[in-house]
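Naming follows writing order (A, B, C and D), and every chain is counted from residue 1.
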Amino acid sequence: MPFGRKPNEFPSHLWTQCPSCNEMLFNKQLARNLNVCTKCDHHFRLGARERIELLVDKGSFHEHDAALTSGDPLGFTDSKPYPERIAAAQTKSGEKDAIITGEATIGDNPVILAVMDFEFMGGSMGTVVGEKITRAAERALAERRALVIVSASGGARMQEGTLALMQMAKILGALARLDQARLPYVSVITDPTTGGVLASYASLGDIIVAEPGALIRFSGERVTSGTVGEKLPTGFGKAEFLLERGFLDQIVPRPQLRERIGFFLTAFRAASQDLRWSL
Amino acid sequence: MPFGRKPNEFPSHLWTQCPSCNEMLFNKQLARNLNVCTKCDHHFRLGARERIELLVDKGSFHEHDAALTSGDPLGFTDSKPYPERIAAAQTKSGEKDAIITGEATIGDNPVILAVMDFEFMGGSMGTVVGEKITRAAERALAERRALVIVSASGGARMQEGTLALMQMAKILGALARLDQARLPYVSVITDPTTGGVLASYASLGDIIVAEPGALIRFSGERVTSGTVGEKLPTGFGKAEFLLERGFLDQIVPRPQLRERIGFFLTAFRAASQDLRWSL
Amino acid sequence: MLDRITGTKRTVEANGHLPVDANLITEPAQLASRVSAWEAVQAARNIQRPHTLDIVGRVFDRFHELHGDRGFRDDPAIVGGIADLDGRPVVIVGEQKGASTEENIARNFGMPHPEGYRKAMRLYRLAEKFHLPLITFIDTPGAYPGPEGEERGQAEAIAQSILLMARLQTPIVVVILGEGGSGGALALGVGDVVLAMQNAIYSVISPEGCAAILWRSPAEAERAAKAMRVSGPDLLELGVVDALIPEPAGGAHTDHAATAAAIRTALAAQLAKLERVPAADLMSARYERFRAFGALDEAGAAPPPPPPDSWWRRMMKRPSS
Amino acid sequence: MLDRITGTKRTVEANGHLPVDANLITEPAQLASRVSAWEAVQAARNIQRPHTLDIVGRVFDRFHELHGDRGFRDDPAIVGGIADLDGRPVVIVGEQKGASTEENIARNFGMPHPEGYRKAMRLYRLAEKFHLPLITFIDTPGAYPGPEGEERGQAEAIAQSILLMARLQTPIVVVILGEGGSGGALALGVGDVVLAMQNAIYSVISPEGCAAILWRSPAEAERAAKAMRVSGPDLLELGVVDALIPEPAGGAHTDHAATAAAIRTALAAQLAKLERVPAADLMSARYERFRAFGALDEAGAAPPPPPPDSWWRRMMKRPSS
């Protein structure tokens, strides 16, 4: 701890304690450092707007489908009705749903970008996320751009029932067409990515990278322990574990993401433009 | 043991002892039963000519490339020169090399058939085996027949060096074309199949079946224990083990092989003739 | 404006290939009585309900099972092979529960590991290679959620499986036999026609799992099942399934033979229709079928164009209704 | 009549795309002195010899490694990724030995498990999808022969890998860096051009393994190496490799930088040639390259037709020599 002060001496609107190294971090400095701990490189979660800013070439982003919001197809109510939950999340976040999509360039490569935001109802995937990603993939196909999706999600949105589940098939249908057209798709997995998002587009990139320390699991902890009740080894379900198990191409620290994705896209594009290999 | 007689009371040209149940089996009866023990169903090895007879529709087999024999590209000598080894194997077996190929029908399905014989230099794959299988695959492609290969082999033939190794790439090049043309290839693995044969065509069938109890391993026991020195579990490397590990479609007892292969080929052919699904 | 609530009507019409003579239920009103979601959950999980191999043995004339993923293990929770329906060869893939505790332990209660989905994918490709129609049977609480599944890529296997079905160039008929549990079900669920047994369920998360998260108590599973609308009639109204296959009056578990007979009738009719569809039409109809799912509100956007006439209407040269 | 002894000449001519300016050795006579097979074995196995990542780091301008088979494990005995040679992006896959005992333990002495070959295949497909040339580096005693390898399908993985290379629709250049051990090497070895370092070896079975079987003593490995003709000049004469890349006078281990420079020159020249070949020609030339290997005697058969003019000659519109 810096200067031997106790945590309660740090007002929470000014300071954040790093859960990894316990360092007290000045919020402004943390934000300047892309929400990465200046002492131990712990990657804090990052909002979708900030994420877009760090990923794309400066000023190149133009948002698509910003007005799309969810209906309530099931008339779903638990402790409160689903429309109220959405309205609350919208008010809190200023966003319409758990994803922002648009066009941009990354290292001068034209891309369609989709970035999820965990702060909006746990980044859950309902029909808005499904529709926006599907449109993104269809636009990438129509305009022959690469597709980059940044995932951060607790899984499918239960309040939309099987219609949420169907989004997995809907999105993957569009990704199949993109693949057939030999257009690149880069999946960026951030903390946390689980459930139906991991079991669909997050796991399918031509290149799949993750941020250090990200939790990446098919089953939520609650589901796993409730259903099967086994004890899990430490490090299980973290990005580093998945790299070792063969499911990630690389773990890329946040400050290097733009450059790294740009490298891969440039390689894929350089060769594709050269139609000499085209069959 | 039948009638309480000792093994030495059974002349070996008349009787064979089953290594699995110790039953003494009258050779003629064993042959009539397709070299399967009448008591415990142990599958003895079977020569290529007998194998062909049990596999194809009666009288439908016509041999191809019967005159092909091996040169001595390396001038290879160990305790005796390679050409002498070949000559000895030819004299002993009456065959030119470790494989017989030809056309036939199986359950009325037109096939090209290739059957290896372990008795000829341990069923080793040299350039004759490579050439005959490649020609078989090329004929299947040209005549739009299915390809059926029955493997029984200790692996690549060391006396032909890297030219034997190259046969794996040569054969698989032809199998790739067959696959692209959507023609079926059925791999039948018999005791024993190891090394370069297992690591090439034997492991690649649209359907892969094996006979009960067949030894099926990539590494010969000698190589494995010499190089790595680990102790192996019982049952390791037997057909039943491979089925459990996901590498075989089925284990098919010898008497059912023709009918089973016929069933699959009929299914594949019925649909392929129907060009409504053709894309 | 709320412009795209997916409903049975739209989806069934777009895929309009459900023959009347197959005795299928395409409207909840056709049902004499409507089960509650929780009754459906219990019926779908009844251990005496016919499971995949039982149905396959009764529906098809011949069946030879094919094993293995060619990479790690033969998963007993997924079965598959080649079968024959009135001389028409098809590829079968289904999730397999047990009819007893012992069998359920051997079958892992119908919860596949990643190698199960990889076996399924191998058979999907086999179907495609030889232009064989693919028929899948869904019956799983979900993909196995334990550590071994995570280690070997449960999520990757499910994702690849869905992707492959979406692009597989051969007709696919999906039958939800009993429990359709989440992604582990959808990995077998992307088809040209999706049918469900009358008492089958299909859900994005198990009712218990949903209750544990939203109501903080698995005991609220009944409320969760109702809220998620998991029963056959619900699925029909949501358009998630195209039709229900009727079960015997007491439920499928009371009469396996009659249940199989109804499935056989339905499959024979679907295959007869699907085999007349040009492949390119099949692929775009499948894309559109899943593309349509949504419940969206888009301020200021023009209403979406009406879907083009389905291949079925074009083929039949009948006017749209 | 012994009609088809494969020799360097035939193969190199059919593939006649070896540019003179790359300083390649296409005739044993070009070598100042010819190493014995056993000397080559020892040189190829020298722990100080440059291994794949060392070469990749020196040959290419940028390199980013890609990990994992997407199913079981990231095998450290096979490395791969995307690299850049004078602005030309390529996919790299290579077997990786260690330069120390610790590193060798981590790299399993360059002996891949099945998941290593499955990682390689994933990268082969990536190269194909984006029309990137594939460059492979072979350096392995062989595929790992232990039980885990058998359990996870060592044979299947190698077979699939060879099959995939045979049909991969993108140019492939193979470089045998050190030890080319049997099927475990061939899984990276099916290319349009196959080059070997001057002191590399390539064999159907390790000299020790061959000796143990034929001479019943691993101590006879030297005789086995000679009999199997595993050295660079032997491979050139047999046509198994198209050319040798010269090593520094003391061997590659004495000067990694000079070794890498020679490899870079060779690769740049090959890529420049190959990128001008139409894909269909590439595929048939690759087929013919491996199709030609044989040493056959066929009584009564007509001599085989002469091979058609290679794509290279056709492209260059020069008369056959």
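Simple rule for what comes next: a residue touches a chain if its C-beta (ideal position, glycine included) is under 8 Å from a C-beta of that chain, and two chains touch if they have at least 3 such contacts.
Just so you know, these numbers come straight off a predicted model, no measurement behind them.
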item: Other chains in touch with both chain A and chain D; value: C
item: Approximate Å spacing (C-alpha centroids) for the pair chain A, chain C; value: 29
item: Cα-centroid distance, chain C relative to chain D, in whole angstrom; value: 47
item: Centre-to-centre distance between chain B and chain A (centres being mean Cα positions), rounded to whole Å; value: 51
item: Contacts with 2+ other chains: residues of chain B; value: 179, 245-247
item: Multi-chain contact residues (two or more partners), chain D; value: 70-72, 152-153, 156
item: Chain pairs in mutual contact under the definition given at the outset; value: A-C, A-D, B-C, B-D, C-D
item: In the complex with chain C, residue positions of chain B that touch it; value: 179, 182, 184, 206-207, 243-250, 260, 263-264, 266-268, 270-272, 274, 276-279
item: Footprint of chain D on chain C - complex, ascending; value: 70-72, 114, 118, 152-153, 156-157
item: Interface residues, chain C side, partner chain A - complex; value: 2, 5-6, 143-147, 149-156, 158-160, 162-163, 165-167, 182-183, 186, 189-190, 202-205, 208-210, 212-215, 218, 223, 227-230, 235, 238, 240, 286-287, 290-291, 293-301
item: Interface residues, chain D side, partner chain A - complex; value: 62, 64-75, 82, 84, 87-89, 115, 119, 126, 129-133, 169-171, 275-276, 279-280
item: Chain B residues within the chain D interface of the complex; value: 65, 67-74, 76-79, 127-128, 130-131, 134, 155-158, 160-170, 172-177, 179-180, 195-196, 198-204, 217-220, 222-224, 226-228, 230, 232-233, 236-237, 245-247
